[in-house]
Every structure is written in structure tokens, then in C-alpha cells.
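Going in written order, the chains are labelled A, B, C and D, and every chain counts its residues from 1.
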Amino acid sequence: MPEMTWLQRNKIPAGTALVVLVAAYAFYFANPNIAVSMFSNAWFLAVPLVLGAMVGVIGERSGVVNIGIEGQMLVGAFAGFFAAAATQSVFIGVIAGALSGIAMGAFLAFTTVKGQLDQIIAGVVINIVATGITSFYYESGKTIPRGLPNFDVPLLSKIPLIGPVFFSDGPIALFALVIVIVLHFLLFKTRWGLRTRAVGEYPSAADTAGINVIALRLFNVTMAGTLAGIAGAYLSMEATSTFERGMSSGRGFLALAILIFGAWRPLRALAAALFFGFMSASASQLQASNVVNIPQQFINLLPYVLTLVVLAAAAGRVRAPGAVGQPFVKGD
Amino acid sequence: DNSSDGSSAAPKDCSSTEVFCIGLVTDTGSVDDKNFNQAAWEGVKALEGDGVQTKYIETKDAKDYANNLKQFTDQKYDAIVTVGFLMAEATVTAAKSNPNIKFIGVDQFQDDKATAPNVTGLIFPEANAGYAAGYMAGLMTKTNKLGIVLGAEIPPTQAYAKGYEQGSKASNPKSSVAKVYHPAGDNAFSDSPWGAGEAKKMLAQGADFIFGAGGGTGNGALGEAAKTSGAGSSIFCIGVDVDQWDTVPEAHPCLVTSAEKKLTKGTTDLLTQAKDGSIKGGNFVGDTGLAPFHDFDSKIPADVKTKVADIVKQLEDGTLKVA
Amino acid sequence: MVDPDRPPAKDAPSPAPDAPASDAPAKAAPTVPVVAERGAPPPPTGLLGFLVRHQAIVVPLIAVVLAFAIGAILIRAQGFNPTYAYQRLFTHSFLTESGLLATLQKTTPLILVGLAVAIPLKVGLFNIGGQGQLMAGGIGAAWVGYAMRDLPAPLLVIVAVVVAVLFGAMWASIAALLKTTRGVHEVISTIMLNSIAVGIIDWLINGGPLSDPGQPFPASHAVPEAARLDPFGVIPWGLPVALILAVAVAWMLGRTTLGFELQTVGRNKFAAGYAGISTTRTTLIAMAMSGALAGLAGAFELLQIEPWRYQNGIAGSLGFDGITIALLARGNPLGTIPAAILVGAMRAGAPTLQFELGIRPEVVDVLLAITLLMVSLPVIAKWIFRRHTVKQTQLAGSWGA
Amino acid sequence: MTQTQSQAGETPGPRETLLEIEGLSKSFGTVHANQDVSLRVDRGEIVALLGENGAGKSTLVKQIFGLMTPDAGTITIKGDSSRIKDPKDAIRRGIGMVHQHFQLVPVMTVAENMMLGHETARGGLLDLDGARQMVRELSAKHNLSVDPDAEIEDLPVGTQQRVEILKALSRRVDLLILDEPTAVLTPQETDELLGVMKELAAGGTSIVFITHKLREVLAVADRCYVLRQGKVVGGVDDLSSTTTSDLASMMVGRDVVLRVDKAEATPGDTVLSIKGLQVKDDRGLPAVDGFDLDVRAGEIVGLAGVEGNGQRELVESIAGMRPSIGGSVRLGADDITKSNAHDTNNAGVGHIPEDREKHGIVGGWSIADNLVLNCYDEAPYAKGFVRDFGAVREHAVTLREEFDIRSPSVDVPAGSLSGGNKQKVVVAREMSARPRLLMAAQPTRGVDVGSIEFIHRRIVEARDAGAAVLLVSAELDEVLSLADRIAVIHGGKVVAEVAGKDADRTEIGRLMAGDTDSH
């Protein structure tokens, strides 16, 4: 069988991406101001979804379902904000957010991989605990010094449309963009990626090939927590400069949907999150501009309904990694 | 902080006449929500002191309103404040079976047919506050583009929005208002990142005044405006419900004022009446208006100040009515 | 594992017949449940034996005790007396009339939504959509409850409940249809459908066709007084219904051919296909039943609790609580009953904790999470029963299906 | 202790001892999978491990490969008797293993599977080109061709097995363990593999070879050990004077009739009639393409063919598990072309599926439930929609006895049974319904000689009782010994039909390979 080029293997996604890109630029040249603001809004909303979806990608690719992303994110936002408030350093805040993410990741990893706790239960526990403690220990009236600032990436920020949308945001947004690409590369082109996919797909094959399944899962799930923590830090320190109870607002669950929408692939999940973000941006744009006279409730349903429509139209079952949800027990 | 500030040490029997007990039941929010639950609680606490005992319960499930009220009625509290319109019916029901207790329903309009004599609804003409804010924004905008970021679409947010739109049109017919409601759901008033995103989009599309009206969601919008370059010189924001200079410090760079409904004062006033027995059933219309300009006091042109003050006065005395 | 809902074999298994002309040593191995670890001695007798045989009940009980012990440390860390706190909590929830009523009122929908998650789990489906399905049921009951207000009360109640059940089932069936016809993963579709339900209902009651213009806030019309289901003493109407349904679901899963079909698909869908069991049909049935139960919960929330109308907050977070309940019950329909009572009591007592002790009500959530953790951690059972531990099935295994 | 050891100790010629196992024991619950097992393998030797299903062969070798830890005993490899921690450790010590159940990641390519665990990278990037190159070189060297870029799940099982073997050989191995590698290979593929094994042994690699096919043992092995009920019960140090029946009786502990005794068939009416059937495979490509065949009552028709020529799709389509896109299938007077699996079963079709783990049993259900998997909703196993567990259990107890299913009771999960016993569960279920048509796909794959004898006997009995039997097997010997009539399938259609007794092994082999024109 002749080897296929990247383009041959990815005809449909690449074609879709091209069409979308052309349409986006057509929009841009028709009305640069609106186009940039809407795409920026899309990306602004997509950042936590993408980061959350990456947490899911790493976990599920390693064979561990993570429905605790919501809680991990919330704790990240909480820990980050209050650490920043206490130290008056946003930098320390982000670090604290990331560390709290690691702690939550480690909880998931050790209870499920080592303790063989059911993965969904572990996720639910994380979500309940997160809601509980972030409300319980919440303190009103704390402030942080100005949130993370936006900055322009040299050269890249000058690209029309893409520049202002992706390259003049805050550090976490930029990090999210980079991490998706890096993760895609790591997952499909490196030794870690090959092993991770093997471990999530067919752990006993990985085990017999001399890979330490347990150790790899522990490492991956724990470290993935970092991204959830950073997503939380984005919410409380980059997107806003405040912590609200329950501010993750279901984004962790949406991230889960984005992850599946994106077929467990980082770049596709990015595309899915941008799609969702853009639909939200369109909904509020329609609302604000009053061009259509239908109740806002219906306009606001746009992202949810269209996601279902797109998925139904695209058909074709995407398949979860083969071993997701199942603990690996040696000698079984 | 503890619910029973100053009184938990030696709680006295509320049924006795020597102590006046005030209870507060929050909406499904907390007393430190930087918003109306907090404002009402502060109104209660203002009465603390000799012979007054206060306590609150935070509701976690909307179906617990009646049970939470019962905790207070069982203990024969003298006055009970319930916060938020969702509790209107539970409040009236409790009032009917406890005719000796005074009930104050914040944001609860009392319909003659369905109320009880011992319930007083503390209501606010939010549209007036919105009108004043819109009027001021209309005068000050350079781009003629204004934005409102709202929580869920409910009567108070609708009223703010309507007032704001009318006020801005009145002072500046060329101005236009972009208005967005958060999609309905549990998070509609706590989704600050969404609010920030909307504000960001409006600002990018040329708006220079952002009115954040929807709890945490609105606060997110204020914070975003405060971060935008030009905040305080060409970009401004307006808070809602309470003087958000005190509750949303991160908005200081752009926060010119807040469309205020004077919840704390209204609560305190009504409780004082309840204590001295002069309270009446029906509706009590609380004050609305604009909060102080704080740091912006010196930056706002004098003519703007006078025009706005004039409008606030007209709204107060009823010569100006918001349709 | 052999299904726990199944009755134990009536007679002791007959000893293995001898293999034809085999000189193999007697292979009639003693009959024991399959044990997790190697080299287990024969099952113990006496008290230990009793405990081992009933570990499905013993382990959660011990776990709950452990969880409360951990919770006590947390409460103590907050500067409160845990013994007094627990005492107040449960005295209120079980020993006062209003508290017990509140407990049982909360238990009712929790059982139903717990079942709504547990049934699809048996088929390998993860229903995150209980919330939307419950809301659909609630709004259905609100609509009919008012629109047909002239019907005689008992009939009105029946019609409202039936419509709620149908609405819930319909809402869940959308996810099922998307799955069977278009391959859309139920986790995505149910998450999306939750948000869609919220939006549509908000429109309906917020100035839309079902809204009551007499109310100064978004709400539907209240159902007529006669149709309100007042409790018999402390027993809410819905409770016996929920209990009966839990037993019925357990019976259905364990004893009927339908239950066998559902679980066969959940355990090995390829073998199910080979045996002529349609995955499409079982998916639709399971989701429809699940939605019907959630919808029924919605109907009870509407018909038996003030304000007897649909307004925000009616649904609470019940749909998600259903996941917690189902997991606490380890997917066992009968297990949803104690799980729901525990959660209901804790929730009903939370305001008292705040009122009397000043403990923030979120402590109950944390306590609940610890309980779920303790009940589910396999190590607890292993500590207690060592080599006699019965293996648990993995609920999360359904994720990749 | 055992015959083998005492003799082996005396054999002259100081060959290096590569593997030495002493007093090894391992149990699962009450099952003693290995008890006090001792054995030895020298360098360059091929040692066969024989035993019935469940005798403990796989358990034994899993411990050598570090997949399981022994309860007692030592494993010494090249003088090192420290504990083998995990497969990684085993690999480091020069052990390679081909597992009874494939250990390949189905969604990855051959090259990716080959490099897994010992990847080479260039500048952080996986060196996939290097891996492809390695696959090509290895496959050229051992004459086992595979495409490095094919995805595993798209490959026929025989090819997957080749990948497994190449994977084991891709690392330096001193000891190669092959756990039933030939179960899914065609005779030609088997011969290729046996050739590779001899070559490797000649080059100094030691091989532990597990198989149920005694012919293969005699063909390649130097020595053999026999396990029964977890114990080494014997062995043969010089296989040259041994026959397959000797080995069979050592394994089973009694005489085994390896040849199938059957009377002349007396075919009756046509039961199954297939005309121009067309079926697609999982990827949507035509797999069955204009297939015609009649099977009459009281005869066994063997369908011989190289795996992947549409047999699976044909059987699944007849069974109602896979839709056909053209042609017709009739069962007696009924048209069952469009029937689903349930109706087909009710119409009187019994089906022993090729993949028992995937289709044949539900591991989580008890043996009793599995025995009614396709009739759970019929009387007497259900009254209306309520199941009758008494009847189900009674049925199971009877069948367990009749079909010699070895298990503690009928209430244990079927998943806990050994392969051969799982197969008996399936066979028992399908035969007990007394079907008009019995389709048996690979009915004895991975099954020990004793059980093969048993299953074959039951198939012949079913025939004699008047059933039409369609036997699909990659095992040419099985087809030749059982079938009254043989149809050769190639490219999704029947390319030749011959009477069973006239069949010529080489001729059929040639037809199976698709060589029809030169005839």
C-alpha cells in the first residue's frame, strides 16, 4: 500500500478547515471590525473549553474518563484567585491554580488507577467536593492586582484577522493555543504519544510490550490536571479578575462534549471549541444587533442546537479509546 | 463569618417582648454575594444593637424556602426578611399562618388579591435607576454606542435595560444600545467570564459605556471594561443594584457610577418601622438613583452632573415617568 | 459478576458429574462465589460468613460510618462540635415532623432520578440528561395542570402525571434517536439537550405561551388547588410511587426478559446482536424509561411542592443529583432508596445546621462527596473482607460504548 | 520427580540450560492453575507444552514473561533466578512471547505496534520510517510478509498472528514463547511458521511452543511436557518414536479417537438454499459476491477457504446478524434472507460463531444464562415476559452434564471458564435446540484434542439426527475428516464442490488459494 501524504489522509478536515478559513476572511474583508470582535469573542469563550478538552484528551487517551474537569477547573479558579489575592501576585496565582489542578489530577489518578475506584465516581466526587469547598472557604471582598494583561505577539499579531484574534490576548489564551498544537504533536508523533495511545486503547498490549501502564496513566492523569487548573486560572485571572461561586458554569461538562465532538484529537477539539465559541458569539451578536425579531431564548440556543445538528449531519460514529473507563489490573 | 453575629453567644427567646428578633432568608445565593442578598443582610445588621437579635439562613434549594422560613417562624421571630421574587409565594403563605410576625419581601410585588396584611413588599423602580444611568451614558458617550450586559431575562433586568435604553435616547438620540441577556440557567447570574467576553465584544465594536446588570455576570463585564485600554478616559462602566465601587474593586478604573436600588436603606427603614409597629402591608417603594461618582467626581463634566442630578430628581418626585 | 438482583439458586448446585472415562482427580470443585484474589480459603462460616455474604450491604454501611468520621474531623476543624452537629442534623431530618416531611419530599425525586441514571447504565449508556428530562416533565405537568384545570381533580392529576412522563420520555428519546440513527454520543447530546430545555422553558414561562401574566416574574400558572398533592402526614404522595418504581425497576432488570435484554446489551453488545437482541430497541427503551422516570420526578416536584407552578429553581440540580444517587447505589435500583434517603436527610438538615450552629450548608456537599468516595473505594471492601471481596463492576466502562 | 526431569538430567551433551523452573505454583481462588511445576529448556531447543484446555499452560508461560507472579517456586533464566517483575523485565532478559490472545493495538498500524515499547526517535520524533524499514527487513528475513502501514484491525487474523510473531522477533530473544500461535493460521501459514521456528532454533533460540495440534508437535518439537490440572504429568524426551495418539492419551488421560468415525451420509431434502448472495464487509467492500450453495438434511457440507474470503460475512448474513444486499437465503420453504438474528434462530438455525468471546458468550452472565442466550424469552425459560430461573437452571444442569462443561457450578460467570469450556457452552446451547440447520464456524478453534473429539462427535450426531450442517473451518483437516461434501470458497463465491470422500488435500489447498484457471 503506498504511503499517503498528510493531505490525502485528512482530506475532509483539511477541506473543511480551508472552507472555514476562506469564509472567515470573506467576512473579515466585508466587515473587519465585527469579524475580529466576533472571532475574538469565540476564542475568548473557547479557551477554557479547549484547555478542559485537553485534560479530557490526555485522560481518555490514557484510558481514564475525567468527568471532574468542571470541579478541577473551579478549584483552579478558586485557588488561583485566592493565592493571588493573598500574595498580590497574579503569577503566583497562576502557579497555585496549576498546582491545585495537579492535586485534583493526582486524586483522580490515584483513586482510579491505583485504587481502582470507578472513574465516573471519582469525577463526580471531584465535582461535588469542588463546589462544596469553593463555596465553603469563599471569602468576599478579596481582590487581586490587575488580572493577566493582554499583549501582542511580535509579527504574528500583525496578521490580519488571525493576529488580533489569537495573538493579542493574555498569556493563558496563547498558552492554550500552543498547548493544543504541542499536544497534538506529542500525541501523534512522539514516543510518549504512542505509548499513551496504546495504554488507552489496549493496555495489556502495552503492558506486554514492556510499558508500565499504571505509571504512565498516573503520570498523564495527574499532569493533565495542570491544564484544568490553568483553565480555572484563566477564568478568575485572565478572562475576569474575580472569583464567583460556581463560576466554571458547566464549562467542564461542555469541554467533555467538545472532546467527544473533537473525536479525542487535540486539533479537532480546538476546531470544535472554536465552532461552539463562534456560535455563542453569533447568538449574542444577533441579540445585541436586534436584526431578527425572535425571543433571545431561541437565539441563545444556537450553539447547542447547531452542535447537535452538525454532529447528526456528520454521522459516522467516532470511537472512544478502547480501554476508557476500565481499570488495568495486572495478570487479569 | 457567622450568621448569628453578636447574638449567638446567648440567644434569647424570641417570643419574649424584650428582644426583637430579625431573621433573613436568602435567595439561592449567599449573604456575601456582593449583591442584593448582601445588601439586604447589611440592612438587617444595621439594626443590630440593644435588644435586637439577627440571624440568616442561606437557601440552597428553591424548594426549601418554606422550610427555611419555618425555622424562624417556629422560633417566633418578630420580623423576617425574604430576599428575591422567587420567594414571594412562600412568604405570603408563611405570613398567613403567622399573623403576628412581620414579613418583608425584597423584590416581591404584593398583589392586593394574594397578599397578607403582615407582608410588606420592598420594591424598586429599577427602570428609574436604569434611566438615570442611561441618561448619563448618553451625555458622555463619544462613540454613541452603549452596551448592556445582563443576567437572565427577568423583570428587574428587563426594567434596568428598558430604563437605560430610554434614558440614553432621551439625552442622546443618536446613541444606540447593544443589549445581551445571558442564556437562562442556574449560572445566569454568576457567569463572569461570559459577561467579560460580551463586554469585550461590545467594546471592540465601538461601545464606550458598559452597563453591567446581572450579578456576577455583569461584574465580569465591568471588570473587562476596566481592563481595556482607555478605561477611565474614553471607556466607562456602570454598576448595578448597589454601589459597586464598594463591591467590585476591580472595576474602579472605569466605574463612573452604579444604577442603585437602595436595598440596604429600604430594608433598614422597613425593619425600623416593624420594630416600632408602624409598618404597613402592601408595597413599599424603595429609593433608586445613582451611586456616588467616587474617583470620577472630578472627571465628570459639571454640566453632565447637573443634568443628571436634575433627571434623578425628576424621577424621584415622579415628574418623569419611564414608560 | 452474576447479577445481584437475581435470586440465589434455589437448590445447591448438584455435584459435577464425572467426566467420561476421566481419571482426573475429582473435579467437583466446591461451590464458591468467584473471589478476587488468589489462594482464597473456603468461604468463612458464622458471623464472618454472614458478613461476607451480605457485603453489598455491609461495606456501604461501614463506609458511611467512616465518611461521617472524616466529616467529623472537618466539622471540628471549623470549630464546631461534630457530635452535636450530627445529632441536630439527623434529629431534625428524621425526628421532627416538618424535617421528616422535607427529608421524604427530597427523597422522592432523588429515587426517581437515581433510577433514571441507573437504567441506562445497565445498557452501557451514560445519561447526563436527567436534568433536562426532569424539566421537560415538570413543564408538561404545569401546562396540562393549568390547561385542563376544569377536569375533576383526580383525573387532572393523572393526566398531568402522564403528560409529564411522556414529555420526559420524549426528551430522552431525542438523545436515544440521535445515538441510534446518527451515532451521536449520548454524553454530548444529553448535555446539549439540558441547555436546550432550559432555554425553551424559559421562553415558555417568561412571557411565552405558558406564562402567568399575573405573576411579576417568570412563572407558569399554578395548578388548581384540588390537584395539588398534599402529603398524608409526613408521607408525600410521590414517595410510595417512587418506592414501588424502584422495586419494579429492580424486578424488571432482574426477572424479566426485557431486563435480560437490556443488561445483555450492556455487557456485550456483539453477543446481544448475535442473540437477536436489538441494540437500537434497547437503547430507545432504556432512554425512554429513564426520561419517563425523570419526567415523573418533575411532575411530583410540581404537583406536591409549593408554589405548584413552574418557576426557576424548581428543578434544582436534581438531574445531576441522579448521577450521585445512582453511583452511591452502585447502579442497583434498590440501592437508590437508601442512597436517596441519606442524601435527602442531609439536604433537609442542612438549613438547621446553619440556623442552629452556624455551619455553612455546603458542609453537607463535602460530607456527601466523602461518603460517595468511601462507599465506592474498592480498598475499603478489601480491608474488611480481604480475599473474600466480591469484585465490583465498573460503571465507567460504559463510557466508550 | 517427573519422568522428564529424571531422564533429562541423565541425557549427555552439556547444553546450556536457558530456562529452569522449579516447584512453581499459582492459583486463582480455588483453582490451582499450576502446582509444583518443574521443567527445563536448553538453548536451541524447541519444547512443546501440551495439555487440555485449562490445564495451566498459559498461566505457566505468563509467569515466565512477568505477567503474573508465582505463588511459590523459582524461574531461572540463564542462571538468574531473581523475580521477573514485569514484561519489561522479561524482555530485558531476552524473552519474547506470542500471546494466546493478540496483544496488538487494533487502531494502530503494524509499524507502530512493532515499535511499541522500544521506540526509536529522531530529534524527539518517532522514527516511523525506521520502524517500517524494520518491519520490511524482518518480514523478508523470516519470509512472513506484512504491510507496515496496514492498520491491525483491518488485517485478517492470520496476518495479525504474523505481526505478533514478528513483534516478538523484533527484539533480541533467547527464549521465544509461542502460546497457540497456529490456532488461527491456515495450513500453509502454519508450515511457514514451523519453518521459521526450526530456523530460529538452529540459530540458538530456545522455543516454548504451546499447541493443541499434535501433528505440529511431532513436526518441530525436540521434547514435550504434558500438563494436566496444573501439574506436569509427564513428558517425552524423544519425540521421534511417538505418535499423536500417544500424546493425546497422555494429555487427556485416556485413549482419544482422533479420526472421526462416521457412517455414510443419507442426505434428505434441501434445508438451506443460498442463491446469488451478496454481502458487504465492515468496510463496505463486497465480501460475499454471488454465493450459491445448497445444504441438505443429514449431510455435513464443509466450506473450505482461506480466512478472509467471505466466510465470516456469509455466516453472519445467514444468521441474520448482517444484512445482505442481493440474492436469497431459504430455509426449507421459508425465505430468511431478511430475517434478523432472533427470527432466524426461531426458524431453526443454530449458529456456533467463529469468535466465541465476542459473539458467543456474555462473560458477565452465568453459564445458565448463556445457555439460554437466544431463547431466554421462550417457554419454558420465560412465562410471558417473566423469566423462569428454575427452568433456566434445570436446563443448564442437564446441558452441563451432557456436554461435560467443567465448572464449579452453572452459576459462575461464563467469563471465568477456560476457552474450551466456553466453546462447549456455545456448542451445547446451539445443539440443544435441535436446529434444522447447524452452522458451525471454526467450532474447534483453540480447543484441546479431547474436546475436539467430543465436538466432532456431536456434530456427526446432529447430522445423523437429520440436521443440515454447514461447517466453516480454516482447518483443512477438520473439513476433510468431517464433511460429506466440500465447497471451496474463494473471493466470496464457491469455486469448486467435491464429495468428501474423493477430496484431495493438495487439490483443495490449491483451490483455496484461488488457483482455478490452471485446472
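Everything below uses one rule, namely that contacts are C-beta pairs under 8 Å (C-beta built on N, C-alpha and C of every residue); 3 or more make two chains touch, one makes a residue touch a chain.
Here is each chain with its UniProt name: A, C = ABC transporter permease; D = ABC transporter.
If you're wondering where the values come from, they're calculated on a predicted model, not measured in any experiment.
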B-C or A-C - the one linked by more C-beta pairs in contact: A-C
Subunit A (ABC transporter permease) and subunit C (ABC transporter permease), separation of their C-alpha mean positions in angstrom: 30
Distance from the mean Cα position of subunit D (ABC transporter) to that of subunit B, given in whole angstrom: 75
For subunit B paired with subunit C (ABC transporter permease), centre-to-centre distance based on mean C-alpha positions, whole Å: 39
Geometric centre distance via CA averages, subunit D (ABC transporter)-subunit A (ABC transporter permease), whole Å: 45
Of all residues in subunit A (ABC transporter permease), the ones touching two or more other chains: 135, 297, 300-301, 319, 322
Overlap residues in subunit B, where contacts from two or more other chains coincide: 153, 183-186
Interchain pairs in contact, sorted by label: A-B, A-C, A-D, B-C, C-D
In the complex, subunit A (ABC transporter permease) residues that touch subunit C (ABC transporter permease): 65, 111, 115-122, 124-125, 128-129, 131-133, 135-136, 253-254, 256-257, 260-261, 295, 297-298, 300-301, 304-305, 307-308, 311-313, 315-327
Subunit C (ABC transporter permease)-touching residues of subunit D (ABC transporter), taken from the complex the two chains share: 26-31, 71, 228-229, 252-254, 319-321, 340-345, 351, 353, 358-366, 369, 373-374, 376-377, 382, 385-387, 389-390, 393, 397, 400-401, 404, 406-413, 416
Parts of subunit A (ABC transporter permease) lying in touch with subunit B, wherever the complex brings them together: 33-34, 36-38, 40-41, 44-45, 48, 135, 138-141, 143-144, 146-147, 149-150, 235, 239-242, 244-247, 249-250, 281, 283-285, 287-289, 296-297, 300-301
Residues of subunit C (ABC transporter permease) touching subunit D (ABC transporter) in the complex: 1-2, 6-7, 9-10, 13-14, 16-17, 19-25, 27, 29-32, 34-35, 37-40, 42, 255-258, 260, 264, 267-268, 270-278, 393
Residue ranges of subunit A (ABC transporter permease) touching subunit D (ABC transporter) (in the complex, touch as defined): 1, 3, 189-191, 193-195, 197-198, 201-202, 204-212, 319, 322, 330-331
